[in-house]
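Labels run A, B, C, D and E following the written order; every chain starts at residue 1.
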Amino acid sequence: MEKYFDASYIWSSIPALLPFFKVTFLVAGLSVLFGTLTGLLLSSMKLGRNRAAKAFAEGYTTIMRCTPSIVLLFLVYYGVPFLAGQFGLYLHDLHTAVFVVITFTLQFAAIMSEVIRSAYLSVGRGQFEAAVSVGLTPGQAYRRIIFPQAVVVALPNFANGLLALLQEGALAYTIGLIDIVGKANLIVAANYNAHALEVFIALALIYWVLSIMIEQFFGLLERLFNKGKRSIKTV
Amino acid sequence: ADGDHEVRKVKIAYDQQSKPMSWLDENGEATGYDVEVMKLVDELLPDYEFEFVGTTSDDLLIGVEQGKFQAGVKNAFWTEERTKKFIYPNEFLGLSSAGLVLRKEDENIKSLEDFASAGYSLAPIAANNAQYTVIEEYNTANPENPVKLEAGDSFTVDVVQWVNEGRVDGGVMIEGPFEKQVTAKDGPYHQLKDEVVYNEFAVIKTWPLFNKNEQELADAYDEAITKLAEEKKREELSEKFYGRNLFDALEEVGR
Amino acid sequence: MNIHFMIDTFFVALSGVPVTLFVTAVALLIAIPAGFLLALSRVNEIPVIRQITMVYVSFVRGTPIIVQIFITYASVPLILTALFEKYGIQANIYDIHPIWYAFIVFSFSTTAILSEVFRSSLGTVDRGQLEAAQSVGLTSFQAFRRILIPQALVSALPNLATATVNLIKATSLGYAMSLQEITLKAKVAANAGYHYIEAYIDIFLVYLILCSLVEFAFKWYERRASRYKVHHA
Amino acid sequence: MLEITGLRKSFGPLEILKGVDLEIGKGDVVVILGPSGSGKTTLLRCINFLERADEGNAQIGGLQVDLRSASKKEVHSVRQKTAFVFQNYNLFNNKTAIENVAEGLITGRKIPKKKAWETARKALDKVGLSDKHDAFPSRLSGGQQQRVGIARAVALNPEIILFDEPTSALDPELVGEVLGVMRQIAAEGTTMLVVTHEMQFARDVANKVIFMDGGVVVESGTPDEIFGRPKEERTKQFLRRVLPEEYNYSI
Amino acid sequence: MLEITGLRKSFGPLEILKGVDLEIGKGDVVVILGPSGSGKTTLLRCINFLERADEGNAQIGGLQVDLRSASKKEVHSVRQKTAFVFQNYNLFNNKTAIENVAEGLITGRKIPKKKAWETARKALDKVGLSDKHDAFPSRLSGGQQQRVGIARAVALNPEIILFDEPTSALDPELVGEVLGVMRQIAAEGTTMLVVTHEMQFARDVANKVIFMDGGVVVESGTPDEIFGRPKEERTKQFLRRVLPEEYNYSI
């Protein structure tokens, strides 16, 4: 085993990988931002009374959930410029990262629409009724009463979605985006495929530390938003 | 370039993880045998300006077909069927030496026939890799004595290590990488130089792939490459990237 | 676009479905009980196991599956050979079919995800249900089996469905281990003529059909399992 | 003050309110009695537009509205004139007791923050919660939560307060507490419409009792009329079942 | 039948039960009264091991157990001898009415399925639910659910049934229903320990009333003694607050 495994490759890869984290971060960050906004829209379609909008939002969610990310990535990467081309727009020069962000926005929106929907439903209707009965407008009731309570419920699932997104982002290298995973692949290629194990262990370590940080951060947020809520221990 | 002619920018995709044929180096520059030849072609074509776009093999193939890229290099071999999707120019880009990596004691296995007869197992090859095609074609031609061919992914398979470990009996490799890994003094597997061998079984022409609408570009390429052939530029690059002038073996190249 | 090729390859891709489903089924069979036990260990705050579970869950949830696949695929044989040599065991671990690696990787990752699913679903069952069961003379084990688990299952089902769909999609990464599943088969077929667009569309269709069916089955079962509930407007 | 005419409401095929008429004068305390499912809650909810009626008109503090088709603006002004005390409290879980009371004043009524908190403080003190201003609802007992709900309604100083069974989830000692607070508010001249099962309260505090069954007002009158000389058979039957025997003796 | 001695229980720093002694004879119906928070529920829960006591002994139907350190087996046999009727019903949500009743018989008591269903059917009929055997709890009204809870306890034919405020979550019409069922069971000679606020029931049905406050038994005696001639000041005070005035007059 020692013959093939050389831990020094792990330590030398980490500093080479880290700078590329900002690509991963940027792509994930933008996707989360746009995906959450789109998800909000989708969930309001699902909760609303318009049947066509509801059917659309539900169909959209099913298709997105059932499409492997890699396939979606290719569909967007080639489909979007193709469609734009029909309208005389030339989009082939756009940076690869744009397509990656679009892909993960589409996907994250589907996940978030479910997260938001269930969080909204978990806040009893009574809270809304009480708010309008003391003279708040529906808008104010959503903003001041429903939203802060729904956030608490949504946080753990939001964290789940975020972690999943960071992982799925690993696929972006298939269309040539050099994020942290892409860089790991390049390092491996530069070694003629030798010592790939060590490089990927380094990659896993970085991801692991990041996920622990995210978990801790969300745990903190949960405690922060959780004021006034009685937490019941399970079983 | 003459002033009244507009220079046309074209995108040439390359497989960025295929050292030494093509890769993205530490400085973020495209390089490798295939890329360097194309750079020379660019220099000879005043009407064109090449932009090299690094990507993966899958994306390169789809991208060139769709016109996202005008051409691509990925150590591609020629098959009849592929000519329906892409324009193959008249002139090839380079040569690739394919060989079997074997344990020292199997040194006497010189060809795919020998390998197949021994009933040996072969390391998986990525389905979109040219080597896969070579073996597949051999199997089609020799249905009574096929090599056990398995598809996998290049980045999970480390041929030299796998052969040495005994995980497989042999693997297909291009000569260049083998040189750099094992033979070279600073190669990561130099310590295995007495345990594994590389037995070449074929030298094969490699081609750039052009989008179906790029006949003009392909013709321009042909013109340039003919000139380079005269200047023996490809031979120099072969020496540089593969450690050996494969053009010496041009006579025996079947395809 | 080559429609003829696309149709042929659709069936080639379809022939990878059994392997995909097999891996999915084995992973679920292992992960459901294992995930449940881990969830119990966290719910009941069993000291050491709880910490180990947390570290394990954060690793599996935090690192890309493709990286987990790679590490398992590359290191398990190395470690096993070293062990076998040390203890003089005569066995050739290289004869192992790649599907075994798939079982390992996907069972591990699904276990971690399901442990979280079960943890939250156990929290939705009222403690009174356990007390009522004990008060009519059921043991804790009987209470779990007959009262608590059937109820927890209802709230776990939507998440279980998501996890299953994600698992099915994730098995497509099995191509990296030469697993003869949908993606690999389609891509091998595509290689001869470089029909990659057609292959990806086939892959898309097969997964869409497969996952929609799974989603539909779960929805159906969820309705059945929750028939005791009244749905308020 | 409040006048309802021809209120009808169905849920799907089920007609719950079958034409209800109602009149309440300024300062009145009106109690609605009736068996479970008779539509009492639905009536209150329709008045406050928590449910849209299928038909009916209301005149609330000088404002004339169609209960079926009132505009968003009209709904909002009706809600500004009323307050609702919910059976299950419905306190804002994410706000402390005092924030619960102040929310409607600050956000709904646009009262300056300082003044709103002053009012909220007074309202909480009035219901005997001087020491619980900063507690979250989850840390209050049922009776305390119900009292915050009442303080929240009272602080708005609305033209009318609607109570939906404000004591039904409380234990007997707490019932006394909450009814005491309501008595006091009634004494201050606030108009109240109360759905309750507390006969004692109805008799002592109300100046009008309405008996509902099957979606219509069966009978209405002073407490003495309803409890002492009920006219309708259905009313008598209900009272027999609900009142403790001794209570009947004592009348 | 049931004898408790020296029962103590704390939650964290809070001592809830401060040494409770209790004796119930076969066929007795004992009612426990007391203000909210006095530890009534905790007492019942400790008897059934839903909470572990810190100290105390019990003798239940011939079985002597230490309430603090009883073994799993002992706990199980105590539970086989008792049944618990919960304040909030706690029916098994995933089982129909009849399955709720049969579950303890089949899985707990190992009674053959056919016989268990027979018993369950009879128990449900007895509480007046002949037409609801196959309804899930979510489709039953509160009173119906509470009656299923009682049927579930009765069907087990235990040596003693523990009731925790079986009527407090019901509306007045349903209270009568449930108390009627309990009266009937008492008449059949079942031993019962009942926490309730229904004074009427205590007076009519109980042959012993226990008044608890602050974690101890303040006073106990026959209903006439407790209601008519309470000795302790605390008892008098509680009864004054809880009983409707007319009730006091009528005594």
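Just so it is clear, contacts are C-beta pairs under 8 Å (C-beta built on N, C-alpha and C of every residue); 3 or more make two chains touch, one makes a residue touch a chain.
From a predicted model like this one, the values you see are computed outputs, not experimental measurements.
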Contact-graph separation of subunit A and subunit B, given in steps at minimum: 1
For subunit E, the least number of touch steps when starting out from subunit B: 2
Most widely separated chain from subunit C, with each centre as the mean of CA atoms: D
Most extensive contact between chains (C-beta pair count): A-C
Subunit C and subunit D: spacing of chain centres that average the CA atoms, whole Å: 53
Subunit C and subunit E, separation of their C-alpha mean positions in angstrom: 46
Mean-CA-position distance for subunit D and subunit B (Å): 83
Residues within subunit C bordering two or more other chains: 70, 74, 78, 81, 197, 200
Contacts with two or more other chains, residues of subunit B listed in rising order: 58, 62, 66, 155-156, 158, 165
Those chain pairs that satisfy the touch definition: A-B, A-C, A-D, B-C, C-E, D-E
Subunit E-touching residues of subunit D, taken from the complex the two chains share: 35-36, 141, 168-169, 171-174, 176, 197, 200, 241-242, 244-247, 249-250
Sites on subunit E touched by subunit C in the complex: 48-50, 76, 79-80, 82-84, 86, 88, 90-96, 103-104, 107-109, 136-139, 152-153, 156
In the complex with subunit E, residue positions of subunit C that touch it: 126, 128-129, 131-139, 142, 146-147, 150-151, 154, 227-230
Residues of subunit A defined as touching subunit C within the complex: 1, 4-5, 62-63, 65-71, 74-75, 78, 156, 160, 163-164, 166-168, 170-171, 181, 196-197, 200-201, 203-204, 207-208, 210-212, 214-215, 232-235
In the complex with subunit C, residue positions of subunit B that touch it: 58, 61-62, 65-66, 79, 81-82, 84-86, 124, 127-128, 132-133, 136, 150-153, 155-156, 158, 165-168
